[in-house]
Amino acid sequence: MNRVEAVSGGIAVRKLLVRRAVGRVLEISAMSLAVLVALVAPAAAQEIDSGHTAWILTSTALVLFMTLPGLALFYGGLVRTRNVLSVLMHCFTIACLISVLWLVIAYSLAFADGTGWVGGFSKAFLGGVGTDSASGAIPETVFFMFQMTFAIITPALIVGAFPERVKFGPMLTFCGIWLIVVYAPVCHWIWGGGWLAEMGVLDFAGGLVVHATAGSSALVFAIVLGRRRGFPNELSPPHSPGLVMIGAAMLWVGWFGFNAGSALAADGNAGMAMTVTHLSAAMASLTWMAIEWIRFGKPSLVGIVTGMVAGLATITPASGFVGPIGGVVIGFVAGLVCFYAVQLVKHALKVDDSLDVFAVHGVGGITGILLVSFFGDPSLGGLGLAEGKTMASQLGVQAVGTIAVLVWSVVASFVILKALDLIVGLRVSEEDETTGLDLATHGERGYNI
Amino acid sequence: MKMVIAVIKPFKLEDVRSALTELGVQGLTVGEVRGFGRQKGHTEIYRGAEYEVHFLPKLRIEVVVSTTIVDRVVETLREAAQTGEIGDGKIFVLDVGQAVRIRTGEQGEDAL
Amino acid sequence: MNRVEAVSGGIAVRKLLVRRAVGRVLEISAMSLAVLVALVAPAAAQEIDSGHTAWILTSTALVLFMTLPGLALFYGGLVRTRNVLSVLMHCFTIACLISVLWLVIAYSLAFADGTGWVGGFSKAFLGGVGTDSASGAIPETVFFMFQMTFAIITPALIVGAFPERVKFGPMLTFCGIWLIVVYAPVCHWIWGGGWLAEMGVLDFAGGLVVHATAGSSALVFAIVLGRRRGFPNELSPPHSPGLVMIGAAMLWVGWFGFNAGSALAADGNAGMAMTVTHLSAAMASLTWMAIEWIRFGKPSLVGIVTGMVAGLATITPASGFVGPIGGVVIGFVAGLVCFYAVQLVKHALKVDDSLDVFAVHGVGGITGILLVSFFGDPSLGGLGLAEGKTMASQLGVQAVGTIAVLVWSVVASFVILKALDLIVGLRVSEEDETTGLDLATHGERGYNI
Amino acid sequence: MNRVEAVSGGIAVRKLLVRRAVGRVLEISAMSLAVLVALVAPAAAQEIDSGHTAWILTSTALVLFMTLPGLALFYGGLVRTRNVLSVLMHCFTIACLISVLWLVIAYSLAFADGTGWVGGFSKAFLGGVGTDSASGAIPETVFFMFQMTFAIITPALIVGAFPERVKFGPMLTFCGIWLIVVYAPVCHWIWGGGWLAEMGVLDFAGGLVVHATAGSSALVFAIVLGRRRGFPNELSPPHSPGLVMIGAAMLWVGWFGFNAGSALAADGNAGMAMTVTHLSAAMASLTWMAIEWIRFGKPSLVGIVTGMVAGLATITPASGFVGPIGGVVIGFVAGLVCFYAVQLVKHALKVDDSLDVFAVHGVGGITGILLVSFFGDPSLGGLGLAEGKTMASQLGVQAVGTIAVLVWSVVASFVILKALDLIVGLRVSEEDETTGLDLATHGERGYNI
Amino acid sequence: MKMVIAVIKPFKLEDVRSALTELGVQGLTVGEVRGFGRQKGHTEIYRGAEYEVHFLPKLRIEVVVSTTIVDRVVETLREAAQTGEIGDGKIFVLDVGQAVRIRTGEQGEDAL
Amino acid sequence: MKMVIAVIKPFKLEDVRSALTELGVQGLTVGEVRGFGRQKGHTEIYRGAEYEVHFLPKLRIEVVVSTTIVDRVVETLREAAQTGEIGDGKIFVLDVGQAVRIRTGEQGEDAL
């Protein structure tokens, strides 16, 4: 596998494919002019590969499907009946708001040429991008859309931290600001050719960019917002485990686009990424189920699908670098680590990160980021670490990246939230919380059966 | 006339209904309720958090019968609803001053 | 972008790609014979492009997914509990019936060579179409399937006009006749190389073919059928807003196949179509939400997803011709116009177009058709109008197309409905209406919980 | 169509494509060296086709989607409220367990070189398979994943035989053993180049490999396990026909990946497979609906979607070999035969194959296997039978294959089940059955509304 | 005071509510129940299997009123709920010993 | 014996249950109901159409106790269920002629 590719999912493949085109031209320098022409012509025509494009178009649909309705149902089923619609509403409005902001400015900040810290404004409103603009072997509009779906699901993940008590407007405002202040820069650092990319941080599909940023910010949100009334003693069980499972299943399927799509091509790398992604999800699910079975005597549906999400979040950064066995091992670790992380955060620290965003996504994503250093190494069946990196040095780089991302996410989120809390307030009234946000905030009821 | 209110285990409904029908009872009304009593609830566990469920699903049967047969109704009902296990439920008997059939306006026992 | 392509989504691309193949041969007329052979051979082999084919196969799945279960759930959640199954049944049976009729005759009437008014019978039962038959760069069977999914969802959209009171058999009969009398011809006019195509009408993915025909026919159906008992005073709220949102989310994702698939290729046009489609949906959702927030103080889930559908219906005809900013503006207009259209039809005119098919799809589709004339123009970031058209002349053509389609849809639908009403009757008995169609017509209940 | 291809969906196409590459080289042997180079170079580069790969990556997602959540919801809606979660749990855990076993050993037993009876161990843990390994025109990892989704859904189909009363652990154990003892070998016989493949058995996407194995084993399971309490007199209606329809719709869409994906390419064969698949589903649905309408006066939602599944299961083995009209006829037969099969098994034989796995999948799959012999023949619009086969001889071969698969599935399943029953017991206590498996086994309730 | 319990057809609720409101009744409580009676249930058919549904959805209205107006309440209720078809339901009247408004603690008729 | 019927706000159930348990009440039955009263409903808006919701979700608690403690039960229940805001609900007390425990057949107060 091309070393450069290892640098990151986003830009690497683009570079790689350009290189291929060039390469093809060089190889044949010895041939007759006629043949040269014969070969260059198609090569140029091949610039945009319809097969790779078809797969990324599909992946874009799959990743959007993860948020709408996947994640929305996964979260919606976990809350109480009287708040189910508000959760769906959160995910839906975030998707809409982020999409527009992504066009206006965020895409440019993440992927336009700029400093090592943040991209420039040249691509604001997709400036200079037309139907013929290419990003590697695919049209840039397709790359733009694919990346947008990542930008959508990341703040949507945070929804799990504040259900049943957050004020609608401020919540939406937070997500908008957060996209620009936290997501876009971090995305640039790692996938936009920024300083962490230069350093050789490996994050194939978003262990840091997506899960660490969302997970840590979710923890901050839960702390600043405070616990739900009655937490933790008068907990209500998920109002619809079936809905949770439906959402989870959609997440699993959609994740194929998330990870295998991050190869930005329909090739062997995509195939291997899909394979390890699937195996990790399966193994983590079985692990979580086993723990519940042993500890409580009853393996639960909500439990096993939580394990699945843990497995998927954990393999995400590693999905382009490890082999099948690495995928299985990572899945096992994911189930184990995240299960106990949930116990720690919720039952030991008593933080009401209501739907365990940090314990599952944050902890999972970081675990995956660190494990890449080992299972990405050919000696452990991996496809290769960053250029010239050993397990140790790679681990060091991964740690630096993790710390940088966590610090920035936590600090920025804290500031934004405190500001919003002072200005407009983050939390609904006790009465609204009791009534439930569906009726209080949105004037609807979940089930008029 | 008497109103017999019985709280029973859900899966006993069919037995109760047919038993009462045999006794000549023409109609009854059933509602889904949750019961709290000696029969302890259970705990559900979500992601390691224990959730104490105090209430158990029960059915509340309401049947109005003439005073003459109320004792047989109660007895029949009891036998049909019994499993012998804790949580079988209760039967309460109340006085009914008046009964009317909405369709015809018939009153008293004719309304049943 | 090739002007011809602008003529329509359907046939244009086919023509275009043939042209490309030819073009490639000409370009090289100067080269040596050897090279000529070298180039022609692959060119021939390229006749069917696996990448384009992969994307249209995928798009076909996505568009079928829009109807089953997408649209069915969207509509099913909006009615009362006692009629939810009947709505699912309507969408499902329509999908089955239309599929068979599409094979038997409708595809041929729409796409086989014929007059400017309707296609011939040569392709009935896919006559002469085998695994090797090509339609542009994709197999004709794939084109047949892709177009079938459009033919399915169009009458399925009409379901929103007559729920909770229509008689099952006559409803199904109407849809069958309507497909052949209204859909197939109109499809031929615009996508089959018919008179409107010749005139230069721009309708990329079905503003007229799909939304205007369905919307206007729905309005007629609602009027002929009459209002539901208790309309409008004793309205019931949607029995399951969550179900509505699930269906809406599936529509959004599926619409990627609908619009980006209409490029009939996995290329930059598809990428741009997906981009503007997504942006319009997002912007229209936010617009509708804003209006509700301001007017009623409570932004609702059913509201925002209705805005989403409006945005998607409106961008549909424009999706292959406008740029990103055009997409956002069209989305904004869509939210605004459709919101007030709903008020007008339902609350002013008191027409019980129960689920607002006309106000959302009809009005939206027509709005999009007209807006293409402006935002399709390069001066407004568009990709180009029809050959030799100015904004003004294009607008004229679009208007003609709109009027023609509306008149034909309304007249034909009215006649079919009146006939059916006389012969078998369109409406169930009062008692059945009160019992609900689930039990009365299908012998089932929605929730045996 | 290449005869070899007819031998089976799995390996054939691989062979075929290799042949094509070779072929292309030969054709041009007369040309100048320069041109030869010019052509071979791209030919080599084409080894893995991005378009075919894109479609199979997509198909893999579609087929996984069939099980999670498609099949799970289809089955979950058919049981009583108190068992809905257990059914979802069955499908989900089976998916996880099979995935891991598929990597460990099953894939190797099915597709690695071995005897005519079973594959070897060379591909255990994907031994020797990397990102560059190809399987025909697609990466082998993609072929591995695509086939895995088939291995997942097959045992998941059996879930319909034992809901509401089976013990969780033993059920899972059975599925694991069954995969290795029944599925993997049968898959090798037919798709792995085994003895039935050699004999010329035609099974494009799994009439025998998937539906006959699952259906017959389900029947055995239902008999060994015994009937549910109160069967057949105190039957409960499906607790949520809407959920059933959602699952069914997902199955329909996913089946496009199942059948059209089995072409292992994005080409005319895939297009035709998708076409006949869709037409059969539509026709079978209408047939089942018609029968109910005539017999009971009420066409039901659960009925029509059951017809749909029958149509899809029946066309599966034929989907790569028949033409459009063949697809319609097969669909009609499917609806008819499966409807009466349900009556026979459940109401005549009183076997509590609770969700009719055998009557719909088993009978359907076998019917399709036999019908291929006729509608696969060019004289009936088919694409061709196995090399040198006549309708009669093909029918003979198909019969042999069917009997072999049925005998092996039944015997093996019976032995495994009896053993498990003796050692741990297959059935929950009467009390747990009354309480419902959701609470008794998994400690959750389906709806806390 | 009297407690009037009426079992009616679901779609009659709105009529009943407004009729009683006109009569000056300040409040009432409604529960969803399933009723068994002369009005026979229906059969649902799934994949050819007949499923006998004995119980029909009804609404159970509970309203406590002063003894002075109870007769008018019953009559009004009957008229509002009547369709003349079998299954219209019943009205039962019971004695109420005491009534309390939780918010204020008011007792007796003041509590209604 | 007396039957105490209380209509309360849903989220007060837990308070009421524990309060009554402390008082020694061994069991009770709860049903979900919709209430109409002074506490006005709300309007839901769908696509600009106003939908008037007259009924509010409430819980109906039914508990049979011996006459000796009925007053304390009513008082305790009232305190536990009270928020002081309109819509807190009502408590009604009815006479119970007979009570039977289905499991054992015990009668009268032993059955409670």
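Residue numbering begins at 1 within each chain, and the chains themselves are lettered A, B, C, D, E and F in the order written.
Operating definition for what follows: a residue touches a chain if its C-beta (ideal position, glycine included) is under 8 Å from a C-beta of that chain, and two chains touch if they have at least 3 such contacts.
Predicted model only: the values in this text are computed from it and were never measured.
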{"item": "Partner chains that subunit E and subunit F have in common", "value": "B, C"}
{"item": "Same-site or different-site touching of subunit B by its copy subunit F, using the half cut", "value": "different"}
{"item": "Contact-richer chain pair [D-E vs C-D]", "value": "C-D"}
{"item": "Distance from subunit E to subunit C - Cα centre to Cα centre, in angstrom", "value": "48"}
{"item": "Chain centre separation (subunit B, subunit C; CA means) in Å", "value": "54"}
{"item": "Inter-centroid spacing, subunit C versus subunit A (mean Cα positions, whole Å)", "value": "32"}
{"item": "Sequence positions of subunit C contacting 2 or more other chains", "value": "34-35, 38, 42, 49-52, 54-55, 58, 236-238, 266, 296, 298, 300, 302, 443-447, 449"}
{"item": "Residue list for subunit E, restricted to those that touch at least two other chains", "value": "31-32, 44-46, 94-95"}
{"item": "Inter-chain touch pairs (all)", "value": "A-B, A-C, A-D, A-F, B-D, B-E, B-F, C-D, C-E, C-F, D-E, E-F"}
{"item": "Subunit D to subunit B touching residues, read off their complex", "value": "234, 434, 439, 443-445"}
{"item": "Footprint of subunit D on subunit A - complex, ascending", "value": "1, 24, 28, 31-32, 34-35, 38-39, 42, 49-52, 54-55, 58, 62, 80-81, 236-242, 245-246, 249-250, 252-253, 256-257, 260, 265-272, 274-275, 278-279, 281-283, 285-286, 289, 296, 298-302, 304-305, 308, 323-325, 328, 383, 446-447, 449"}
{"item": "Residues of subunit F that touch subunit A when the two form their complex", "value": "11, 14, 42-46"}
{"item": "Subunit C residues within the subunit F interface of the complex", "value": "232, 235-238, 292, 295-296, 298, 300, 302-303, 306, 339, 342-343, 346-347, 356"}
{"item": "Subunit A contact footprint on subunit D (complex, rising order)", "value": "34-35, 37-38, 41-42, 45, 48-55, 57-58, 60-61, 64-65, 68-69, 72-73, 76, 84-85, 88-89, 92-93, 95-97, 99-100, 103, 125-126, 130-134, 138-142, 144-145, 148, 168, 243, 266, 441-449"}
